Structure formats: structure tokens, C-alpha cells
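Following this line, the structures themselves.
Both complexes below contain chain A, partnered by chain B and then by chain C.
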Partner chain A sequence: MMKFDTIIIGGGLAGMHTACRLQKSGQRTVVISKGISLHKPDFSEYRSLGGRILMGDSVIRGEFEGGNILAVYTENLGQNRLEADNFILASGKFLSGGLVADMEQIYEPLFGLDVEYDRDRNHWFAPFDEHQGFMSFGVKADELSRPFLNGRIIINLYAAGEILAGVDPTETDSVGKILAHTEAIADRILGNA
Partner chain B sequence: MYDVEQYDVIVIGGGITGLGTARDCALRGLKVLLVERDDIASGASGRNHGLLHSGARYAVNDPESARECIRENKILKKIAPHCIEKTGGLFITLPEDEDEGYGLEYQKIFIDACKTSGIDAEAIDPVDALRMEPSVNPALMGAVKVPDGAVDPFKLCSANMYDALLHGTTILPYTEVTSVIREGCSVTGIETRNTHTGERASYRASVTVNAAGIWGHGIARMAGVKIEMCPTKGSLLIFAHRLNNVVINRCRKSSDGDILVPGDTVSVIGTTSTGISYDECDELKVTAEEVCTLMREGARLCPSITHTRVLRAYAGVRPLIKSAEDATGRNISRGIVCLDHSERDGLEGFITITGGKLMTYRLMAEIATDAVCRKLGVPATCKTHRAMLSDPLVPRHSESATDELICECERVTFDDVKWAVNHLGVQNLEDLRRRTRLGMGTCQGTKCIARAAEALARAKGNPEETRELIRRFVEERWKGMTSVGWGDSLREMEYMQKIWKGRYAETAEK
Partner chain C sequence: MENSLDQCIKCAECTVYCPVLKATDSYPGPKKAGPDGERLRLKDRVFFEDNLKMCLNCKRCEVVCPSGVKIADIIQRARHRHGRPIPGIRDMMLASTDLTGSLAVPFSGIINPVLKNGAVRAVLDCTLGIDRHCTLPEYAQETFESIFKKRFSRQQQSYPRKVNYFHGCYVNYNYPQLGSDFVKLMNALGFGVSLIRDERCCGVPLMSNGMFKQATRNAESNVNVLSGTEGPVIATSSTCLFTMRDEYPAVLGVDNSSIRERLTLAVKFIYESVSSGKVRLAFREGWKARAAYHVPCHMERLGWGIFTLELLGMIPGLELMELDSNCCGMAGTYGFKKENYGLSQQIGSALFSQISGRNPDFVICECETCKWQIEMSTGYKVLNPVSLLAEALDLKKTAKLNQPALP
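Here is the complex of A and B:
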């Protein structure tokens, strides 16, 4: 068993940025990253701050109890339980596997979180240059960015970055929005907010 | 201001039929002009299965087509080996076919019909069929081996174009016919407009051949004659990797999604068959229902389809001639129709060639050219059944020593690009794709297209247009992906959006 203050799932912009912020504030954190969209600048900083990273690994399941997430298990660590007080899900959209679409539905593959998307496929796509409906699909969350599982909030899980419904990474101001958002999540975890 | 040039024959349409006809005419010593309103192979000729029929599919219900197919099958294997893959094919019988009267008794009828038409058809044991094609539905009860194959329609079109050019044909892409010139009861030429520059011209010829596929209906109308056509849309899906070794068909009456054709690095499932209006022919859409049908029926041929990435969807329009009321178009003659309008409508100097299939194009061209020669009083006979078609991309290697790789998926080099611009009439990235397969692979151009646009602009000596070339290409690729936007294709689509629109550009600068 391993116990951390915060476990961050995803090493992209949102995951790495939050991880750096928390690590800097004295938290013991770990980032689990498939390595697909690794955010290189923050990754270097995170390592120099002594942050732990499970590179090339992926979460395969979570353990939940009474509206909380207690632990996750990864592909490489097998039965080793990774516990934490808080969890951040920053696993991205479709490209990095944070969301999966098949012919019938869109789902969040790690925990089965509730996903917000248009059931009518005709609204998913537009001509290339225009706004694409599917680029805003994502997990449903409350105002504190906590996602829902079967309609119920997970109290100590935060969704950050592109996986959130309404965040479209092709919008011009999306980087700024994602960073501001991750700051807010870090503040909340650190008890500043 | 008009450039009036006199030809022996004008061919309207740069699909495989028009290109084949232009080549045949040129080989018989005629002075030929071919006009195409878009690029060559941009209509039905580039939007099909790429199936080299053995004829078996038509053996029971349309023996004439079956005989045409097997004859042309053998000829094409000889004259255009670089366009053909001799895969062989299977017609399989599944348990559910029995209930509908297409069980193993039907298989016997099928084999007999094949033999009558001269098609080698041999029933093989399901165990052997599975060994021959490990991806075939293992539930099969019976299988018939036939000499089906795969033909690369783009290579076939450019080979015909190239040979026609070598024999003195003038080919004008992006040139649409605005009117057909009539003098009394004769067609004497055409007026055209260049769709890029808007430039107008007129050309004269003793005979004009209407080989415009489904758009031949409109050309005929310009000439003042009427052809009743039946525009029938066929939709297809391309898979991201090659699923099967041999062509897989169902041994039953033709239906939706019952042919899986392997070709190069991919496999194609098709088709559907839906009657549409003439207006819809220019903006074909593959519907969600069609995609579902193709996926469902395809899984019966090859179950692993279900979890294979679909690269894109596309559709073409069959230029079928109306014979009876039939909403689906399945029962309309797919045979070759050559109309000499002097006999039919009292209009001299005008011939329509339509119907047929991609792989019977040579025969269609022969029939049309025979008609042209009769009109011109030229005694020359057809040579295309033995005159080899060469691969236009082969001579490029002599051009220069540098060979920078542009498209990794399809191994297209800068020399290919330069050759295609200088010798094969390439103007934009879509044209380049049709000549070289650039951008047809797994990444659908996401990775190579900036490089390709730069290379193309460099080869054309016009670096300013790079951006516009990319925009047009990406938009076209995108259209084909939207109807199959799930699974890995949706991941690719997100990647495309991010590369071309999103913050990847910004973060890369950090």
C-alpha cells in the first residue's frame, strides 16, 4: 500500500500543472501518465521538485466508498493499492483515452463517470473550420469540478482540463481557461479556497 | 478571343470510361481532346470498391455481364498488372442463408451458372476456406472459390490517362462543358469554362463522346437529347488495415454490404444501393443508417470488422440507365449502354457511353471507339486488349537523385510529387492523392500534409498557395471521417482539430 496526499491521473497540461502546484506547496503527489500528451515543461519542473511519476502506466480501476474515492490500481503495479486523500482526473478527451466513443455511446473508461454529450450524432461534427460539437463533450461536474458517478458527486475527486464537459481545447483561450481552472482546484485541495 | 481547335473526337468525362475511350481513340490514330470538369477519377471511378469482378456475382441473374466481367478480368490481369492484385475470391454460404432459400442447393445453381459463363468456380470445404482466409466468418457452411481480384481504380485511371497523353491526346482537367455546339442535326463541338480561371474556350470535333457518367444526363440535355438515367448511390467504408487476403462475397442474391475487398494496405466494405435525385449527385452524404448497415452486414463476412478502425466513408453514383421502376437500382441493367444518337435521335456526331462497371471500362471504350471510327470512316481496329498499360510513376526515378520522403503511410517521395505535377496534370493535393495515394493511409494526411503542400507548391513553383492547398485537402478528408466518427477515428479527428486549429501550435513554442 502507498499513501499520497494527491494522486493525479494524466500528465498533460492540466495534470502536470496541478501536480507542480501541489508538490511546490509541500504535498506528496504522484502523477500516473500514459505518456501520450505529456506536458514537457511542467514535467521537468515537477521532477526537479521531487515529484513522483509513474510513466507509461495507466489506472485500471478505482475503489469507492460512500461518495469518496479511496484508492486506484494501475496496470504496472497490479495489486499495489495507491491511496490518497484527493484525486485529480486529467486524462484528456478522446485522443489520450480520457473518453471513449463507440458506435452506441460515449463513456469515461476508468471509473464510468457520468458524461455529458449530445445523443444526436448529427450535432457532433461540422465542416472542419467550424466549431465541432464533440470537442466540448466531457464528464459532468459540479461547480467545484467534482464529477458524478451515477448521478452522485465524488467528494474527493476533481476533473481537470480537457476531460471536463464544456472545455474545448481548440478554442483560442482554452489554455488560459484550463490553467485558471487547475489553479482553483489546487487552491481547494490546499484549503486556500 | 476563342481558341477554336479542330479534333477528330472530343471525349467528355475524365473517369475511367472517358480516359479509356480517349486512349483507345488515340491508339487508333485519332486526334483526341478529353475534358473533365474536375480532376480525373473524381467521380464514380474513384469512389467504388476497387473490385476486379470474376463475374460470379452476376452469373445467375445477368449472364451477359458475367461473361463481360470474366473476359475483362483476364485481359486486365495481362495488360495492367501494376493495377491488379490477383487475390482470388470466396462466395460464402452462412447458416442464415438457408432460411431464405440460399443454402447449399443455391450454391450448386451458382456454380453451374459460373461455369456456363466461363468462370472457374470451385466449391471448397469450409475448413479449407478458413485456411485460405482466416478472417472469414467461421460459421460458414460452404464456400466457392472464384478468380475475383482487386484493382486500384486510381492507378488504372492514371495509367490510361498517361498512355493517352503519350499518344498525343490533349487532356484538360477542371474544364467544364458549358454548351454542346449543334449545327442543324449535328454536334460539332463544345464550349467550355475553366473552373479555376473562368477562362472560356470552344473546341470542334467530328464526333463527341459523352462519357460523363451520371452527369452524362446533363451533357445529353445540352445536346438536345434525352437519356433517362437512374442515379444510384453506393456507400462504402474503408478500414484502417487490411482485414482479408481474398475478396469475400455472399453466395446469395446481391444485397447491401455483401462484398469485402482487400486492396493495398486496407479493406473496403460495400455497398449500399439507394436511388437519389440528380441534384444530390454532387454532394453525396453517407448516412448513419448506411454506416450501421455496412458494419452489421460486414461483420457477417468478417467478424473482426466490429472492432476495426474505420478510416472513412465515401459514396459514388452508378451511371445506370433506367429500364423499369426500381427504387433500389439493384435490378437495373448494369450492362454497357452505347447510344449512337444518330440512330436513336437523328443527331449526328454524338455518342453516349454509359452503364457498365469500372473493370469493364476497356470494353466500353472499345465499343464507343468502334462507333466513333464507324462515323469517321476510319478502319483502325482496337488494340487495347493487348497493348500494355504502364505505371506512370515508374519513369520518375530517372528524374533526379534526391528522394525525400513526403508521405510515410504510402511511401510517396518528392520526385513522385514533381513527376505528378509535370506529367500527370496534378494541380492540388486531392489530385496528388489520386495519382500517388498520398494521404490515403492511417493518418489521413494529418502528419504529411504540411510537408506535401510545401512539396507540391515547390514543384509547381508557387509557394504562396501552400495554406490554401492544406485547407482544401483537410476539409475533404474531414468530410469522409464525420460519418465514422467513433473509436480510433474520433481520436484521429481530435488530433486533426488540435494540430490545425488548437493549442498544439501555442504550446510547441513554449
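Here is the complex of A and C:
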């Protein structure tokens, strides 16, 4: 068993930004990152702040109870339960496997969270030079960025970055938007807002 | 074996993080040597390139791959399948750790000073191709197995809980101190230690020198012997453990499913025993040190570095710095070879300069070959976390805490 204040799933732009911010504010955090994101975050700073990184590891399941997520288990750590007060899901969109699309549906593979997308598959994509519908599909969340599981909010889980519905990484100002949004999540976790 | 090369999306993240490619452009890089090259090799052996042996098998490509491609496994399997190396006398010597070790230990009093001699090193450089700048690991005066028999074996029966210890060649022939530290530590935690009957070298030096047939023989023998044991099989070396756990099936095709779940590393076993409340620790009062932790490549691939950090984090007097995750460049016996020495030093340079910048009392690391490289290239002493823990603990008090309740 390992206990943290916040567990961050995904070591990309949104995940590392929030992790650094929380670790700097005195929290004990861990980032679980499947691989290295193309954003090439600065792990060195996070490490020197005492942050833990599980690089090349993936979450295989979560433990939920009464609208809360209590713990996750990863592939490399086996039976070791990773507990935390808060969790951040920043696993990205399709390229990083945060969302999966098959012929019938689009789903979030880790916890099976509710996903917002157009049910008509013909609207998912468009000719090459036009806006692609699938780029703004994502996990449905409330105004505090908490996602839904079978219509119920998970109280201590936050969705951050590209995985969120409405966040389109092809938009020109998407990075700024994502960073501002992760700041708001960190503030909420730290009790500043 | 799943054909993970189809999962490659050509993002080239592995190429960016390959330590060999950072130091030289004569290696094609993990993406080209791995999934890309494999497509061609599947068609015709003629596409096999000899420079695949430049791969250190550090597995960093697999750690950073966002698509889960087993890049280094693809490369090692290709070497296994297509490589036709005729190892020279040097490579055979460096690879056959069991043989050279058992021959050298009885004469260690003569061999150690001789190997330190500058003239001898110059001769080895010219004749065998072992670089003269290298410090070869010293041989022990007595093997760990013999020390264990004399000093420890009798009392092990008195502990109700038992573990098996895979000591590896380095502990047996070169550094029995680590083995003794492990036995003392496990005894204090309330576990009796048994050695493995007819333990053989895990095979990693054989594999890296292209001697896959001998490595497979060792793997089959070890799996066979270990399946006759009960309870956890613990290693102190991350490389021995990783090889037996993951490379036996993935590279050598040796089925280890009968023992894989019981194979573990000392730091993981101890951390799990402490965190689940099965074991309690009492630390020495007033003990203080500043240490830097270097995560060996195979530890990074296992994803188990966090166990060392969390376990050592329990030591009250220890200031522990985590170094950036970098390859030291030694890769087993690679860095000893004259043709690789310069490249090996260049690969490790980022790590060396970070260590001297932090100026710790010593470096912590689970891998013996990283230890050779760091000690020889930086002058800082390198300790296995097991030895550090044995030093920081009050072993007598700890033993009392973990004594089985009397019936």
C-alpha cells in the first residue's frame, strides 16, 4: 500500500503541470505515465521537488465506493494499492489511449467514464481540410471538472486536459486553455477556490 | 509472443530517448533497429545488421513508448535469431562469470593486484581489448556460498518464515559483503534465508555477448531448480531479477510461468512486508547520511524504483536525492571493451556530472554493473539499498520487534 495526497494519471502537459503545482504546494503526489508525451514535460523539476513518477506504467483498475474513487492498481506494482484523497485523470485523447474509438462507440477505457460524442458515426470525421468532429469528443464533466460514471459524479476525481469533452487540441489557443483549466483544478484540490 | 511491432505509430519517442543514439550516429536507433527493421527481417535475413549489438538493452525505449511496443525485445530476439557471432576469448571470459569466477577466487590474492597494475592493463588492452582505463571488479577471497555455509547456514533453520536468495555471480565471486548484509537484514526481519541449490549465472552477460545458446541452458537450469523451491525467491541485483523474470520468456523463449510470480527484488519484498505490517523496522539513533539514488535501467523498466525510494524514505537520518533517470553506459560488460569504452563514458556523462554536482556521501543503486561504472568514472562509492538499510537499522532492536510470538 502507498498513500498519496493526489494521484495523477497521465504524464503529459496537463498531468505534469498539475502535479508540479500540487507538489510545490506541499502535497505528496505521484504521476503514472504510460509513456512519454510529445510535449516532453520537465520531469527533472518535479523529481527534485520529491514527486514520484511511475514511468512506463499504466493503471489497470480503480476502486470506487459511494461516489468516490479510493485507490488504483497499476501493471508494474501489482497488488500494491495506491491510495489518495484526490485523483486527476489526464490521459489525453485517442493517440495516448485516453479515449478509444471502435466501429460502434467511443469510450474511456480505464474506468468506463461517461463520454460525450455524436452517436452518428458519419459526424466523427470530415474531409481532410475541414474540422474533425472527433477532436472535441471527450469525457463528460460537471462545472468543477468532475467526470461521471453511469450518470453519477465521482466526487474526488478530476478530468484535466485533452480528455475533456469540448477541449480540441487542434484549436490554436488549446494549450493556454488547458493550462488555465489545470490551474483551476489544482486550486480546488488545494482548497483555494 | 504477441507481435507488438504492429502497435508502433512511428512517433519516434524511443529514438529521442535512446542513450546510444545520443552519443553516436553509427547506430540506427530503436525504431529503425526494432519495429521498422523487423518488418524487413521477417522477409529476409539479409536485412539483419550487425550493428544491432550496439543496443545496450537498457529498455528505455520500451519505458517511453506510448504504444507499448517491446522494442528492445524485438532487437534482442533478432540478435538471437540471426546473429552468428563467434565470440573471441575476451567476450567468452567476460560472459562466463561462473567459470572465471570460480577459477579466480582461489587466486584472488594474486589476481587483484595484478589486474590493478598499469603494465598488465596495457597488455590486456593490446591483446584482449579490455580498455586500459577500466577498473575490473576485484575478486573476493572467498565465495559467498562458502561464507554462508560457514557463518550463516546453521542458524537459518530457527526462523519460521523462509525466503530463497538468488545471490548472483557478483555477490558470489566479487562482493560477498552484500550477500552477508542481505542475510543479516532478513534475519533481523524474522526470515531465514536459503541459498538456491546449483544456482547458475542468470545469463545476462552471455546474452549481451551473443552467447544465446549457453544463456538458454542457464535459464532452463535455473527455472528447473527454482521450481523446486517454495516461497519467495529474492534477488539483490535488479539485473539478475529482471533477466529471470522478463527476459527468459521474452528473449530466450524459456517458459518461467511456474516461478515468475515468486521472483522478487529485496527492496520490493521488504517494502511490501513493512507496508502491510508484517515486519517492523527500528532505526539507529543519530545515524545521518546524504545519498543520491540512481535508478538502473532494468529497475526503470520494471517500474520498481519507487519501492527503493519509499523504503529508504523511511530512514529518519537519510537525505535522499533522486537523480534524473539516465543510463550509466556500462551495460554489463559493454563498457569494459576497448571499442566501446569512449562511447560508454559519453553515454554516462550526464549521470556522472549530476552526481558530482550533488556531491552525496554515496550513491545508491541496485545494479552491480552501474556500480562498477559509477565508482570507476566518478570516484563516488555505490551501495546497494540492502547494504544501506542494514547499516541504518538497529539490527538487534529490529530483530526483537520481529521475533515470532512464543506459543
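Just so we're on the same page, the second predicted complex is superposed on the first by the 188 of 193 C-alpha atoms of A that agree within 3 Å, B and C clash if a C-alpha of one lies under 4 Å from a C-alpha of the other, contacts with A are read in each partner's own complex, and residues count from 1 in each chain.
Throughout what follows, a contact is a pair of C-beta atoms (placed from the backbone, for glycine too) under 8 Å apart; a residue touches a chain by one contact, two chains touch by 3 or more.
The shown structure was predicted, so the numbers you read here are calculated from the model rather than taken from an experiment.
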| item | value |
| --- | --- |
| Which superposed partner A:44 touches (first chain B, second chain C, both, neither) | second |
| Which of chain B and chain C A:95 touches, first, second, both or neither | both |
| Partner chain in contact with A:135 - chain B first, chain C second, else both or neither | first |
| Partner chain(s) touched by A:103 [first = chain B, second = chain C, both, neither] | first |
| Contacts of A:189 with chain B and chain C, given as first, second, both or neither | neither |
| Touched partner set for A:169, first chain B, second chain C, both or neither | first |
| Chain B versus chain C as contact partner of A:84, first or second or both or neither | neither |
| Which of chain B and chain C A:125 touches, first, second, both or neither | first |
| Footprint overlap on chain A, comparing chain B with chain C | 95, 97 |
| Residues of chain A defined as touching chain C within the complex | 1-2, 30, 34-38, 43-44, 47-48, 50, 52, 54-57, 74-77, 80, 95-97 |
| Chain A contact footprint on chain B (complex, rising order) | 288, 292, 295, 471, 474-475, 478-479, 482, 485-487, 490-491, 493-498, 500-503, 506-507, 510 |
| Partner chain A, residues of chain C touching it in the complex | 9, 11, 13, 17, 62-68, 272, 275-276, 300-304, 306, 309-310, 321-322, 324-325 |
| Partner chain B, residues of chain A touching it in the complex | 13, 39, 41, 93-95, 97, 100-103, 121-122, 124-125, 127-129, 132, 134-135, 169-170, 174-175 |
